[in-house]
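You will see chain A twice below: alongside chain B first, and alongside chain C after that.
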Partner chain A sequence: MPQVLRVIYSAFRMAMLHWIADPQWVIPNIIAPFIFTAVALTLFQGSTGPFGLYAVLGGGMMGMWGNTLYSSGYAIEFEKWQGTLEEVIAAPSKLMHVIAGRSVSNALFGLVNMFAVLAIAALGFKIQLGIANPLLFTVSLVLTLLSVSALGLIFASAFVLSRSALTLTNGLEIPLYIISGSMFPVALLPFWIHPAAYILGPTWGIDAIRLATSQEYASQSFWNGMNWNTAILLDLTIMSLITLGYAALATVLFKMVETRARTQGTLVEA
Partner chain B sequence: MPETKIQLGSASGKAIVAEHLGKVFNVAKGMLRRTKTQIMAVKDVSFEVGYGELFGLVGPNGAGKTTTIKMLTTMLIPTSGRATVLGYDVQKQVTQVRERIGIVLGGERGLYTRVNAVDNLRYFADLYGVPVNVRDKRIKELLTFMGLWDRARDRVETYSKGMKQRLHLARGLINDPELIFMDEPTIGLDPEIARDTRELIQQLVNKGKTVLLTTHYMFEADELCKRVAIIRNGEIVALDTPSGLKKYVRDASVVEVEGFGITDKEVAKFKETRDVLSVSADLGESKQVLRIQTPKGSEIISEVQEILKNSRIYDIKIKEPTLEDAYLRLVTT
Partner chain C sequence: MNYSQNIRVFFSSAVFSYRAQFSWLNPTMWLTMKFVLTLSQMAFFVFVGLFIRGPSVIPFIAIGNALQTVSWNTVFSVVNITSHDKWDGTLPLVLATPASRLPLFIGRAMVHVFDGMLSVVISFAFAAFIFGVDFGQANALALTFTVLLTALTMAGFGLLIGGLSFYYREPLIFANIFLFTLLIFCGINFPVQDLPQFIQPFSYAIPLTYGVSAARSAIAGATLLDIAPLLGQQLIVGLASIVLGYIFFRSFENVARKTGRIEAV
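And then the complex of A and B:
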């Protein structure tokens, strides 16, 4: 295995070990989405249209977002609290690869939400959620997960570079749920918000996931009227390009983080 | 980048070469009116360490020991000067330096306490690129060497201080480094565990490793180090073998007073006494010990008794100066 992948995998594994060791994850990952989904499904019970789809997938996406914003944002801070940041930086591997592993694990763990929400919807509310194209659904989910992880890298470095990043993140949580289309389709939002929505990789991922889940959604997709498979592939291509852009930006930011830390001696500040 | 070693002038064949290293930190203060001040942590530090040597860097808190180690281990970028570690420039060949050194920082932090020892070591082995076919064998060897194998699968949060320190040592050795930096590895440890740790350090040197050690404990430096540098206010004020450093206090003997009820005021009086070169006081609750350096030896005893007339004196001994006395002289005068 190439060294970069080995470092990412090892950091991913370490993060998973910590998740398992700390049962607090149940609150944001199971209880919170359960409440959200239960409220949404109760509100829309009896409505026509793909409301169940929005509630279930929206709840899942919120989990992925939430984990990314907080867990990935705090990934470097976590190392500081543990007192391990110095040791990690002193190793020959790049800090960005270590945090990338953590970020992937956070986004993946966010998926637990989606499965929890699916189970709640199916068992508690008898929602039928057939997936129209399981293969494209899976691919979309994995690529969205990577896109969210790449965003996590940017949050992680921003947290270290600016103390106001925490305030910004807190303030951004709900707007991001809305702008990315997690709660309802971007098409329903005012036109002037659309540019902000479409520079977010996950916006395209959510569009692809919904398209792969149900053809009913096609009329609300950005690609309304286009061939179903082509629309999904376009979503995924755009998201992949944006993700690469995030990774490039994160590389620059991480270089700044490390240089600043090594210049100012801020590796041990908690 | 090709692995070209950068040789510093006279420094060829040395494991560490530091030339006029300096580090200044910029500190911002104030909320509305932010003012920037500069703190000079290290002014001018130069020294060399040979291969296979156990070199000590000692000094009071804030003297610049840790900052020096962090510059040499690439964790801090020097503001001035330059250094090579194992022939590689610490500023320009960061990865090459990191691959070849081990770092052991003192204290209980720096470990993932929620996971077990094996997972801690496996993680760092991966970060250091230890080949997978070597990794698991080395983890077992290191944990066995450190006496931790029986508890290898227990969470680190259940370990004692001494066990955590041994795990720190194992982590510092996971990449089989040629050179190990140890920053106060025995700080806060029980005497017995500290002794075991010192034995482990000595075994590493016997195996051919080079060690740079910082410590607060002079007896530790005396026992372990081939050469010792004393650092004060960011500058090296003396560098020699432990016996060479003791020559700084060859002109003096030490009057050691054991007593009770000795006050800070009385200690201050000794410092003002003409024939007293330095005084150190360990004013514990049950037993107090004063060490007075003086060229007068036993001639000063009557003066000691006079100053301490309101305290209880259990014993007065005239002793040969130790490395600690040399250190005290160098850092207080």
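And then the complex of A and C:
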């Protein structure tokens, strides 16, 4: 196995072991999306339209988001609490690869969270969700998962230098749910927020996931009037390009942050 | 211990717990949380409500979420005091002190009550200036009293959950769960009557439910006298939670002393 993949896999495995050793921390990660979905579904009672689709898929998406964002902050903070961040940075493996493995593991937990939200919506609120195109749904989900993980890497690089990574995480969580239009169309937001929505990979990911779930959603998609499959592929192409951009940016940021932490000796103070 | 000593313990606990907060939350972050968290939570639910039910629900949701922000201070921060004592290794010292527990216990929550009220004021400003909620008819006295009573009574819940710190390793998990469930149970985003019948008794066991309802009435112009029955019920529920919280605090303390598990959990 190439060295990079080995580091990512080891970090992934380590993160999984941490969660298994201390599973209680899964609860705060998953509680917000559950509650937000439940609130939306309660508001949705008695209404007609694709609101259930928005609520359930949005809730699941938020699960992935929240988990990745939270764990990006937590991964760094945890190392600081344990006094092991210096060792992780001093190791010959790149910090970014270590964090990448953790981000993927946490996004994967988020995926489980998504399915849990779907199950609760189906059982508790009797929401019927058929998937129109399972293949495109799966591809959309996996690519969104990667996009969320890549965004988590950018946040993690900033968290290395911050003393308040967890606080930042708490502060960023809901704004990201809003800007990506996880539970309502981006069009509802003020126009000056739209550019921020469009540079978030998950904004396109959730559009593709909704499209792959139901053709009825097509009229509310970014690609209204376009062929259904083409619309999904366009969403996925844009999201993939953004994800590559995130990965490139994260590489540069990690290098900068690592260099700064080493030369200025600010790692322990932060 | 005499009366003046109790007052001193009360105030020193209040000031110290507030200062201790900044060991984990620096002032810049404190401001960020005060403005970003309050606005973003309100905005999220306002947009969801706007999308599903239209503009008529905006004032209902904005006011509900504004009042719910008080819980971040009065529940989360209050629980965090004991948690941090444990992480920092100061909990045994606190328990070894001869200071009377009641002023110590209530004093620790007191500054968070005022901090929580500040969050509500900021949120009301967002509701008015960003989401267009009309405060023109609001009865200032009734609204101020409602916010104060809600903050005080919710602090009782914070102390209740904080008592779990003695017996459970991560009481913040309870605080997290409790804070989010308030969004469902307390009529924040939709009326309590929309909940299934079997859940509604839980809603009425939480002081925030009465506070949110009273605040909506006060903003619509109701006087203090008009909302007195609601506030009376809120006071009863709030006092019960403070008493229960204190009993929990003492009993958990005793169990932790007997079993020597203060720092083991």
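As a convention for this text, the second predicted complex is superposed on the first by the 247 of 270 C-alpha atoms of A that agree within 3 Å, B and C clash if a C-alpha of one lies under 4 Å from a C-alpha of the other, contacts with A are read in each partner's own complex, and residues count from 1 in each chain.
Definition applied: a contact is a pair of C-beta atoms (placed from the backbone, for glycine too) under 8 Å apart; a residue touches a chain by one contact, two chains touch by 3 or more.
The model shown is predicted, which means the values in this text are computed figures rather than measured ones.
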Is A:N224 contacted by the first partner chain B, the second partner chain C, both or neither? neither
Is A:T138 contacted by the first partner chain B, the second partner chain C, both or neither? neither
By the touch definition at the top of the document, which applies to A:Q82: first (chain B), second (chain C), both, or neither? first
By the touch definition at the top of the document, which applies to A:M183: first (chain B), second (chain C), both, or neither? second
Partner chain in contact with A:L17 - chain B first, chain C second, else both or neither: first
Touch check for A:I35: first (chain B), second (chain C), both, or neither? second
Which partner does A:R6 contact after superposing on A: first (chain B), second (chain C), both, neither? first
Doubly contacted chain A residues - partners chain C and chain B: none
Chain C-touching residues of chain A, taken from the complex the two chains share: 24-25, 27-28, 31-32, 34-36, 38-40, 42-45, 47, 51, 54, 163-164, 167-168, 170-171, 174-175, 177-178, 183-185, 188-189
Help me check something: in the complex, which residues belonging to chain A touch chain B? 3, 6-7, 9-11, 13-14, 17-18, 21-22, 82-84, 86-93, 98, 259, 262-265, 267
Touching chain A in the complex: which residues of chain C? 24-26, 29, 32-33, 36-37, 40-41, 43-45, 47-53, 57, 169-170, 172-173, 176-177, 180-181, 183-184, 189-190, 194-195
Contact residues on chain B for chain A in the complex? 25-26, 67, 70, 73-77, 95, 98-99, 103, 105, 107, 109-115, 119, 122-124, 126-129, 155, 171
